[in-house]
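Structures given as structure tokens follow.
Here chain A shows up in two complexes: once beside chain B, once beside chain C.
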Partner chain A sequence: MYRYDAIDKEFLTDRSNEFRHQVGRRLAGELSEDQFKPLRLMNGLYLQLHAYMLRVCIPYGTLNVAQVRRLAWIARTYDKGYGHFTTRQNIQFHWIKLRDAPDILDALAEVNLHAIQTSGNCIRNTTSDPRAGATAEEIDDPRVWSEAIRQWSTLHPEFSYLPRKFKIAVTASAKDRTAARVHDIGLALRRGRDGTLGFEVMVGGGMGRTPFIGQTIKEFLPATRLLSYLEAVLRVYNRAGRRDNIYKARIKILVSSLGAEEFGRQVEEEWAQIDAARADLPDTELARIRAAFIQPGLEVLPPVSDSYEAARAANPALARFARNNVSAHKAPGYAIVDVSLKAHDATPGDANSDQLEAIADLAERFSLGDIRVTHEQNLVLPHVKQSDLPALFEGLVAVGLATPNINLVSDIIACPGLDYCALANARAIPVAQSIAQRFLDADRAELVGELKIKISGCINACGHHHVGHIGILGVDKKGEEYYQLTLGGSGAEDASIGKILGPGLNADQVAPAVDRLVEVYLAERQGEERFLDTYRRIGMTPFKEAVYVDAH
Partner chain B sequence: MSAEFLKALTANRLGEGDVVFWSSGQWVEQFADAELFTEEAPAEAAVALAKAQNRTVVDAYLIDVTRSEQGVAPVSYRERLRALGPTNELGHGKQALGGAAIAALQAASGAARSTGRLDLIRRK
Partner chain C sequence: MSTLIKYTANGATEIENAFVSVVDGEPVPQGADIIVSLGRIKAEGEALLASGVRVGVQIEPAEAVEDLAELLPRLALVAVAFPKFRDGRAYTSATLLRQRLGFNGEVRAVGDVLREQAYVMTRCGIDAFVPADGSSAAEWSRAAGHFRHVYQTAADGRTPAYAEPGRR
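For the complex of A and B:
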């Protein structure tokens, strides 16, 4: 992975010292809360319902062993022993004291982690494929470009006070694991007809109260021109974005009101003004970044491991884990392992300190020290020898991390919701748990197959409900928690926004309703159709009738 | 439905972030110990005092409170969660203390929208 140089390290230390000074002045009463709040938010520190919350940036979801161990230590030392992985591939600690925050930032800086640009109207962490560098599907390693964007966007003076926050995703495979089409900018790596590398640039996607799928404004941007083009997009947005209305300030509103064609034209006009030699990444720098992502240590192995095959045949639990959580690696004899943080009684995305330490140990032994975070709130060990899979599986079982449910009905995205979040209208976690409980039968869950349920506790949509095959939105209806179901959303390459099923349901009705939706699907599906495919073929009516049958 | 004026004053401690409640000039940890205001003038006077405590607390605001057979509880679900802790980790937050007062809060049901929730994106 990318290694920070001396300048990066000095910068993080300086930043931490600066925040320590600011916290000291706030506690001494020299700064008011109005003066201090923007400063703490620039360091990822929010005030939530029960305590402060610190959001730590995990650049494009990539962690090393030392970093995971340090996150475990922070959780144990300064929090209540756990952290929460988010839909932006970051981690949040929910029980932080302001007094401790400077020490925590110091501890993070020692392992090249920080909380910069995890809040505020700036360019946030770039989302990327958790299988980067491991999957044969990718056209190029998206981490290279994500790292270039990280360096370019960190403390970018022109883009530190945008009209609103700004999120970029880089995907490199036909299978999109980044939700690129619901980002402010989605970048999809492509090969041109002449073999050169480029990006399809999609702009104006987003969720929240006004969801949009991003629209392509450039079919093929030569990869070497990425930064100047991004600068042009950001510049048009920075100039014309709606600063007068927080609900209309995201780029999606601008793109929607101008039209993608006109927005793209303005970007081209701006782009033509930019001095490419100044703005674009020099080839030498690109080569330096690229070299950091060449994976050392991959051995030449036979494509199939006999010992693994034998273990899988002898152990049904391992076989189930292999079916659902293990994928092909680009190197023969290796595998990509998804580690689910969605045990049926767990909080989606939570990992406790013991589990984090176990993951670090297992990654060190079995995955070349590489750990990834997915936007679906799971972890990935990207470089596991097939012959090590049985031992890895046992290691995961020992800490409750071998749940074989990736992409299945209980692999649910849920935001922290009203249990923690100051913005939420309703809880999300208990709803996720009630659904997982209802689908405990692993055979039935596998029979149902891929089904993406996503739950948000408010319209801001951190839980990506708009793009759930089944989306669940918590609303406040006369002071009670109600849940509005949507069907047909997708955050993947076939992106779409879900449509509302019908009147809201109370918390106890949600899991039974999901069950009825699944029964309709099982009765109606043809061939290899997923839930989403069946919905798209037969439409809303049969699902609606099944859920609201008692209402007539 | 009663039109009784019944409010409590809440905030978060500056240094820790802990939820606290006002009681006769002091900040207390448990909702059960909170002072209940039955008239607007003393409630607003307490808010003014709290807002002047820049070094002690942040985000002081009044919450609606209701009396029922189970006892006294914040009206809104959000404020009950602040007074208790998250429902997914029953050992975390103020509910860890246990006892009759916590049990009464947990038993409280029915609600209306929390006061002081306007413009939340900006407030956060």
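For the complex of A and C:
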């Protein structure tokens, strides 16, 4: 894991002091709310329906034990005892007082956490693979490049007042767990024919009211030229991106209006003029960052643990957990464990202080102190010995975190919705809960298999509904909450934008409709097809007919 | 005359602004140092530059600073405009003036110029400021120099964290 040295620590102290000073000026009336707003946003502080919300950055979704314990303490001390993990691998606290914010940032800085650039029209936290450094699938460790981007983008002077927010994802496996194609820039690590590392660069993906899948503008960018190329992309965007309309200000609109080819040409032209020696990281620095991610402590183990195999055979609950939440690790005898934050009666992505502390303890005992956050609002313990899995499972059961539903119908992404958010048109959390309730039968959920449901409480699409296999969008129709269903979206390597199923539904019609969609899939599926595959093969009509049969 | 803050590695000082901003279409005052628009310098550049006064040009966010390339050696300053503090295009203009066009004269921030942006402005190579919030030179200096470390190269030439001797 990357360790902050004295320079990183002093930087966070300076940032924290700066914000304390700015809050003081705001509370004294020296700054107007209009002047203060971008400053608090760049420190992750939003004004929501009921209170301030503080969004804490979790760089590329990686946490250590001390950090998780501190998040638990902050939730208990300054919030109502819980935090909400987001689709950007961050955590947010929804019940914060402005006057407490500087103290919270100090407490975060003590464990090398911060809220820098978790909001505002700047470069946001880089998304990466929660299995980085643990999966055998990866071409390279994407955290190396994510950390390089973190440093480069932190208070970048030229790119702190962009037309709109800017999100970058780095993925390194054929299976994309970062939603790279719906980021402003998606970077997919590739190995060139000569064995060198490079990136496929995709730009202009995004969701919101005009969703786009990112388009490739460079097939193979030599990895060592990453920062100069990012500089070129950001500079073209900073100059040419629209600033007259907030809804047309993202890079996706610029790429769409110019065409990806022309945008790519402008980037190349700009890139050719940048002094690589100034802009690109020296090899020594890349090597320094890389060294920080070499995982110490992995033991040489037999590929199969007999005690684990026996425990699994004896305990059906453990066996179910193993089927759904445990994946292969690159090291023999180890496993990657997904920890679901989607219990059927829970708010998707929420964890309370007790749970956070339990996760920290379990990670310390069983996962080399490493904890990851996924963009699907779950946690990952990436380095667990198979022989420790039974004990870990019991530990998770004890705090309600052993829900065996990863990638299943109840593993739902949902934004905070109208329960918290000032922008929302409709609630998202109760809808997620009603679907989870409907699929309580775990055998049936497993029979259905991978099914990604994503719910947004408004068109800003924080719940990624556009890329849900089933997407659910809350809309306001004459003061009433309605839900529009979309089918066929994907945020993974086979990215696509979902298509609208039909007229909007009431809140209590959503779960039954999902049930009917699932029944159509179960009746129609061939072989190993996922819901998404069946939809792509047979099209919208059978699904539509099943949901709206009563309307005929 | 408005106050101008000049910022150097040794800190910030307040000086009198000797330049008059000339609105397009209005006559140029005799004998005064002037700041004119990009359009005007393109149209009347030779006459203005031959008149013996110091000449600066103001670049608006939508204008390409590269258009000044040939004139730069003869300009006393370039003013980059911030019609709103949120409009970040001038950061690119200033950066390109320093890094690409090699301009060593004054780059001045005008418009909605606030102390909260002193740090990023300075890092982009802006070295003169007409603050809109009444900031003193001392306040400006404190805001601009607040961070002991920087993470990336920029037009101010500061050593990034990765090149600091203490990096571990």
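Going forward, the second predicted complex is superposed on the first by the 552 of 552 C-alpha atoms of A that agree within 3 Å, B and C clash if a C-alpha of one lies under 4 Å from a C-alpha of the other, contacts with A are read in each partner's own complex, and residues count from 1 in each chain.
Basically, a residue touches a chain if its C-beta (ideal position, glycine included) is under 8 Å from a C-beta of that chain, and two chains touch if they have at least 3 such contacts.
The shown structure was predicted, so the numbers you read here are calculated from the model rather than taken from an experiment.
When both complexes are overlaid on chain A, chain B and chain C end up sitting side by side without clashing.
The superposition of the two structures on chain A yields an angle of 80 degrees at the Cα centre of chain A, opening toward chain B and chain C, reported in steps of 10. Of the two partner chains, chain C is the only one touched by A:22; chain B is not. Look at A:315: by the touch rule set out above, it reaches neither chain B nor chain C. In the superposed model, A:152 makes contact with chain C only, not with chain B.
In the overlay built on the shared chain, the residue A:121 is in contact with chain C alone; chain B does not reach it. Once chain A of one complex is fitted onto chain A of the other, the partner contacts of A:509 are absent, as it touches neither chain B nor chain C.
In the superposition on chain A, contact is made by A:273 with chain C only, not with chain B.
By the touch criterion defined above, A:32 reaches chain B but does not reach chain C. No C-alpha atom of chain B lies closer than 12 Å to one of chain C in the superposed arrangement.
Within the complex formed with chain A, the residues of chain B that make contact are 12, 14-19, 54-55, 58-59, 75-78, 81-82, 85-89, 92-93, 110-113, 120-124.
Chain C contributes residues 85-89, 91-92, 95, 99-100, 114, 116-117, 119-121, 123-124, 146-156, 161-164, 166-168 to its touches with chain A in the complex. Residues of chain A that touch chain C in their complex: 5-8, 10-11, 14-15, 17-18, 22, 31, 35, 38-39, 121, 151-163, 227, 235, 238-239, 243, 273, 275, 278-279, 281-282, 285, 288.
Per the touch definition, chain A reaches chain B in the complex via residues 26-29, 32-33, 46-52, 80, 95-99, 246, 347, 418-420, 422-424, 427, 429-430, 433, 460, 476, 478-481.
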